[in-house]
Amino acid sequence: MTGVANWLNQGAALPLALIGLPLLGGVIAWLLGKRYALQVAAVLVFGLANIFLSLALFLGGGADVTLPFAGYGFEGHFVAGGMSSVLLVFTSVVAFLLARYSVSYFKGDTRGGVFLLFYFVSIGFVNGALLSSNLPVMLVFWEGLLVCMGVLLLLGNLEKPRAAIKMLWISGVADLLLMLGVIVTIRVSGQSDIAAMGRLPVEGLGAYGCALMLLGAMGKAGAMPFHSWIPLAAEDASSPFLAVFPGSLEKILGIGLSIQIVTRIYDVRPGSAMSTLVLVIGAVTLLFGVSMALIQKDMKRLLSYHAISQVGYMLLGVGSCLPVGMVAALFHMMNNALYKSGLFLTAGAIERRTGTTDLRHVGGLGRAMPVTMTCFVIFGLSISGFPGFNGFFSKELVFDAALESGVVYYIVALVGAVMTAISFLKLGGAAFFGTLRLPRGIKQVREVRAGMYLPAVVLAALCVFFGAGNRLVDQWLFQPALGLTESFAGWPENWVLVALSVAALLLALADHLYGRKKTGGALGSADHIHHAPGLRQAYALAETGKLDPYNWLVAAVGGFSRVCQWVENGVSWVYDKGVPGLIGGASKLLHRGVNGSLTRYLLLAVAGFAGVLILFLLILL
Amino acid sequence: MTVLQWIPHLFLALPMLALIVNNVIPRARIRTTTIAMSATVAGAQMLLALAGVFLLVESGESAVRFGMIWDAGKNVGYFQTDLVSMFLLMCVGMVALASALTALTTIDDHRGSYTNLLMVMMLGLNGMLLVRDLFSLYVFLEVTGLASFVMIGMYKSTRDLEGAFKYLALSALATIFILTGLSFLFIKAGSLAFDALTPALFSGAGDGSTLLCWAALVLLISGYSIKSGVAPFHSWLPDAYESADTAVSIMLSGIVTKIAGVYSLLTLTRLFDGIAPLKTVLALLGMFTILVGALLALAQKNFKRIAAYSSVSQMGYILLGFAAGTNLGILAGLLYLFSHSAAKSAFFTNAAALEKQLGTLNIDEMGGLQKRMPITSGSSVVALLSTAGVPPFAGFWSKLMVLLALWSAGLKGYAAFALIASILTGAYFLRLQKKVFFGKPNPRWDAVVEITGGIRVSEILLTIVTVAVGLVFPLLLLYLQRAGLI
Amino acid sequence: MNVTTVMLVSGLILILAGCIELIRTHHMLKIIIGLELAIKAISMFLTLGGWLNGNIALAEAFVVTVIVLEVVVATVLSGIAISIYHKHGNMDIRNLRNLKG
Amino acid sequence: MNIAIYVCLGCMLVFGVFSAASRKLIISAVALAVVSAALGVLMYVLGAHTAAIFEVSVCSGLVTVIFISAVSLSNGDKQIEAQDVAVPARKRRFLPAILIGAGAILMIVAWLTGFSVGTPAAAVSGANFNDVFWETCQADIFGQMVALIAGASAIVVFFKESENE
C-alpha cells in the first residue's frame, strides 16, 4: 500500500487526481443519467477511487506539489499533510456513502444526473480547497462550491428560487468577508501561502484580518448570522442535498479552516478577544438553533436547525483555543458529519416512501421500516450524547473546553444538550414509534431498497465505531491531524461532568414524558416549551422571520435602495439616454454632413492637410 | 541561388505571366478559367510569402535584394524585401485570393478585364512592397490607384462611376500632395532612395531646404492619408466601397488602402524615425479616425457602407500601433492589419453572399437570416468578434498588442482611448448582426438558401484563418520572440 | 533672392492654382487640367532638384515617369468622365450625389 | 541663362493662371499646352534634354489630343462650357487676384528672410540619362509598363465592354 502511494507520489499526480477525478466522475455519472446500473457502477468506481487516492495520500505521508505557473498571488501550491490528509480521507468516505445513497434516491428522477454532476464537482472543489495551501487558490475552490450549491438549490425549486437566492446572498457575504480577510492577511504577512504564514500576531491590521477570516469560515459552516438559508433549503431541496452540503461538506470546510486560522495562520490565545468572539457566536448559534429545532414539526426542518446548532458545539471547541478544544471541534465535526448526514438519509428514506417528512402527516413507521428505524435510533443516541456513543465523547471534550473558557459557555452547552435530547426524543417518538400514520393516498409502506439503507447502516456503524473505538480514532486521525502527542481519548476523567451530562439526559427524558402525557403523543411532547409564557412570543417572532438577520438586511437594503433610487435614476439616465444620445447625435450630425458632394470631400481633405500643418507648427514652434 | 533569393522574383513574375497568358488566350469564353488562374496566382503568392517569412527569419538576414531581368548580371539590387514587406505580401495574396474566389460568382461574363486588373493591382501592391525608393513607391501607388479606379467603375453603372470618380478626384489631390513632397525632399537630398532619406535631413536649422523637408513631411502625410482613407481624408472611401462590386471592395478594403496608405505611412515613420511630430500627428490622426469612423458606421443602413466605415475606424488602430514607434508597435500594427484584412474580407464576402441571395444590402429589410444562411451568419459573427477584439480570435491579440505597445511607449492616454473606442466598434457591429442575422425573421426571405461556390469557400477560408491565427497566436508570439523581433 | 527661389515660388503658385482649379470646378475634365497644371510645377521642381544636386539625369528619369503616369491617369479619368456623360448627358460633378451618408 | 529661365517662368505663370481661371475648356487645355511648352524650354535650359522632349511631345501633344477627343466624344462643347457659367464671372476674377497676392506675399517673405535652397552644384555628375533610367530607375520602368497595361485595360473597360447597372 505504502509502496503504491510512494509510486503515485512521485509527481503532482495524486493531489491533482483528487481534484480532477471527481469532476470526471461527475460528468460520466451525468452522461449515464438514464442507465441506473451503469450510474451506480460509475459512482462506486469514482467514489472508491476517491477513497483510495485519499488513503494513498494519507498513508504515503502526504504530498507537497507546486504547479509551474503562478502570478498575482495565485500559486498552485497543494499540500497534503496533517489535517488536510485526514479531512480528505474522512470526506472521501462520507462522500462515497452519500453518493451511493443519492443514486438510489434519484432513481427514475431526471434531476438525478445533474445532482450527481454537481455533487461530484463539489467534491472535487472540496478536495481542492482542502489541498490548496495558497489562500487565493483556496478561495477559488470555495467559490466553486458556492456556485455548485447555488445551481443545485435552483434546481430544487425552479419556479420560486428563494432558497437559492438567499443562500447565494448569505454565503456570498460570508465568502466576501473571507475574501477581505484573506486580502488583509496577505497584506499583513506579505505572502499568500498558509504553510509559510507561521502564526501571525493578532494585532493592528492582523486583528481585522483574523476576525474577517473567522467570520467567513464560520459563515461557511452555517453559524449565526449566516444560518438562515438552511431551514429554507430544507423545504425546497432534496434530502441528499441537505445531507451533503449543510450536513457534511460545509462543516468540514468551515470548521477545518477555522481550526487552521486559529492554530496555524494566526496566533489566537485563549481568553483573547478573538477567542471570545468565536465562543459567543458559538453559544448563540447553539442556543438559537436548538431552541428553533425544538418546535419544528417537519423532520427536515427540524434536522436543519440541528445542523445549525451543532456548529455551536464545534465553535465552542474552536473558540477555546486550547488543544482539547481543537480535538473537540474536529471530533464533533466528524461525528456530526456522520450522524447528521445519517439523519438526513433517514429523512430521505421516509420522504422517498411516503412523499413527505411532515410529522403531522406521517409517523409510527418503526415496524414498516425497521432498518431505517434502527439507524435513526443510533444516530439519535449519538447526537444526544448518550454515554458510549461518539457524540458523548466529543461533547464531553467540548464541555471540557467550554468549562476552561468560562462557566457560562458550559451551561449553554449543557442546556443545548438537554434540548437536543428533548427534540430527538420527540422526533423519534413521533416518526417511528406509536401508531402508524400515513399521508392520504398511501396504503402501506415498505423498507427502502438496500442502495438507500446500506449507506445509512454504514454511517451508523461508523458512529458506533467512533464511539467505542475512540482511542483508535484519536490515534489514527486526530493526533496526526493536529500534530498532538497528548491523547484526549478514552472515558472522561472528570466524573462530575459525566454525571451532569447523564442528569441532563434524564431531565430531557422526564420532560419528554411530561410533555407526552400532557398532549397525548410524541409529536406534541415539546409543545409545552413552545407555548410557555414568554417563549411563545419569541418563537412567534422567530418563526415569522423577524429575528432573521437576512430579513433585516433585506429590509435595510430595500430602504437604502429607495433612498438611492434617484441617484440610480440619474446615473442610468446618463447611461441610457445621455451617452447614447450624445453618440447618436454626433453620429447623425456626421452622417448628414456627408452629403455626397465631391467639392465637400476635396475641401475636407484640404482641411485635413491644414490640420496636419497646424499640428506640425504647434509641435515644432 | 537559394530558394529565398528566388521567391521575391516570383512576386513580380507570376502576376505578369498571368497577365500575358490571360491576354493571349481568347477571353470571352473562359471567364471562370481566367479568374481561377488569378486565384491560383494569389494563392501561390500567399504560400510563397509565408514560406519567405519563415525562410527569412531562419536565414538571419534582414532583407533580400534583387534586380530586374535586364539587370541580372550587375546584382546591385533595386528591389528588396524584408520581413515587413514579406508579411504584407502574404496579406496581399490572402485578400486577392478571397477577392478572386468571390469574383467567380459576382463577376459577369462581360467583365473580361477583371483578371487583368486584379493582376495589375497585385503588381502595383507587390511593387510598393518591394521597392526601396520613395519615388518608385509613388509609381506603384499610382499603378494600384489606376487599377482601383477602373475596377470600381468596371460595371459602368451610375453608382460605380460615381464612386470611381470620387476616388480619382481625391487621388488626384493626393498625387499633387505626394509629388510635391517628393520633389521637396529631392531638392534637399538629391535622391529619393531609402538609403538617402534619413532623419538628418531635418537637422539643418534655418536652411531653406530644411524648411522644404518639413513641408514635404506634412504633404506626404496628407497625401498618404488620403490614400489610406484616414479621417478627415476618408470621404471617398465609403462611396467607393459601396459602389464597387464586392469582389473589388474586398481588395480595396482588405489590402489596397492598407498598403497604399498605411504601408507608405509606415515607410515614412521607419525612414524618419525619431522625428517627434510625425508620431504625434499619426497618433492624433489615428484617434480621430477611430472616432469618426465608428460614429459614422453607427448611422448607416447599407451593409457594405457599415463595413467601409468600420474599415476607416480600424485603420486608426493600425496608425496608433505605428505611432507607438517601437518595434512592438510596428509589429502590433502589422498584425492588426493582418487580422483586420482577414475579418474585413470575410465581411465583404458576407456582403457578396447577401447581395447575391437577397438582391439587397439594406439592413433594415433583412432580419433573422441566421437560420437561412448559417455559414454566412457564422462567418460574420466570427469577423465581428475578431474586429471588436474578443478572445480568442486574431483581432483580440492584435488589439491587445496595439494597446500594450501604446502603453509601453508611454502613450497611455491613447491606449485608454483605443480601449474605450472598442465599445463603439462592438456597438455598430452588434447593431448590424441584430438587424441582419438575428432578430425577427422577415417572411420575405423564407425561400432564401445559403450561398454556394467561391463565396462560400472564401467565407469558410477567412473564418478559419481568423480562428486559427487567434488560436496559434501565442505560439506565433513565442516564435517572433525567438527570432528576436519583439 | 536667387533664381531658385523665384522658381520655387512660381511653382508653388502654379500648384496652388491647380489645386484651386481642381477643387472649385464643376467640370470633370477640368479636374484633369488642374491636376496637370500642378504636375507641370512638380516636374519643374524635380528638374530643379536635379539641377541643384548635379544629378539631372535622375531628375529626368523621374520627370519622364511622372509624365507617363499622368497621361494614363488622364486617360482613365476621361474614360470615366465620358461614361458618366453617357449616363447624365453632361459632365457636371454636382450630379454625383447618389452615394452619401 | 537666368533671363531664359525668368521668361519661361513668366510664360508658365501667366498661361497657368489663365488656364485655371478660364471658363472654356478648350481654352484651358490650349493654355495648358502652352505651359507645357514653356516648361519644356525651361527643362532644356536646365540641361534636362530628354525630359524636355517628353514634356513637349507627350504632354502638350497627347494631353491636348485626349481633350479634343473627350470633347468631340461628348457631342460638342456648348453644353460642357455651359456648366461653369453657373459660377458668376465676378467670382472667377478673384482667382488670379488670390494667386498673384499669394505669390507676392511668398516673394516678400522669401526676400525678407533670405530664403534659399542653395545654388546649383558645381560638380555635375556625368551620369548618362539612359544608364540612370535603365539601372537606377528600373523599378519605375516596370511600374510604367504596368501602368500602361492598366491604361489599356481602362480603355477596354470604358469604351469596349458593355454596361451593367
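Letters A, B, C and D name the chains as they come in the text, with residue numbers starting at 1 for each one.
FYI, contacts are C-beta pairs under 8 Å (C-beta built on N, C-alpha and C of every residue); 3 or more make two chains touch, one makes a residue touch a chain.
These numbers were taken from a predicted model, which means no experiment stands behind them.
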For chain B, the least number of touch steps when starting out from chain A: 1
Each chain counted as touching chain C and chain D at once: B
Between chain B and chain D, centroid-to-centroid distance (C-alpha), Å: 32
Distance between the centres, which are taken as Cα means, of chain C and chain B, whole angstrom: 26
Chain A and chain C: spacing of chain centres that average the CA atoms, whole Å: 82
For chain A paired with chain D, centre-to-centre distance based on mean C-alpha positions, whole Å: 88
Residue numbers of chain D (touch at least two other chains): 115-118, 136-137, 140-141, 143-144, 147, 150-151, 154, 157-158
Junction residues of chain B - those touching two or more other chains: 135, 139, 142-143, 146, 149-150, 153, 156, 158, 165-166, 169, 173, 187, 208, 238-239, 299-300
Multi-chain contact residues (two or more partners), chain C: 5, 18-19, 22-24, 32, 34, 41, 48, 50, 52-55, 58-59, 62, 65, 69, 72, 76, 79-81, 83, 93, 96, 98-101
Category of the chain touch graph - line, ring, star, complete, other: other
All chain pairs that touch each other: A-B, A-C, B-C, B-D, C-D
Touching residues (chain side chain C, partner chain A) in the complex: 19, 22-24, 93-94, 96-101
Touching residues (chain side chain D, partner chain C) in the complex: 2, 5-6, 9, 12-13, 16-17, 19-20, 25, 28-29, 32, 35-36, 39, 42-43, 46-51, 54-55, 58-59, 62-63, 66-67, 69-71, 73-74, 79-80, 83-84, 86-87, 95, 98-99, 102-103, 106-107, 110-111, 115-125, 127-129, 131-133, 136-137, 140-141, 143-144, 147-148, 150-151, 154-155, 157-159
Complex contact set, residues of chain A against chain C: 591, 594-599, 602-603, 606
Interface residues, chain D side, partner chain B - complex: 115-118, 134-144, 146-147, 149-151, 153-154, 156-158, 161-165
Residue ranges of chain C touching chain D (in the complex, touch as defined): 1-10, 12-14, 16-18, 20-21, 24-27, 29-30, 32-34, 36-37, 40-41, 43-44, 47-48, 50-65, 67-72, 74-76, 78-83, 85, 89-92
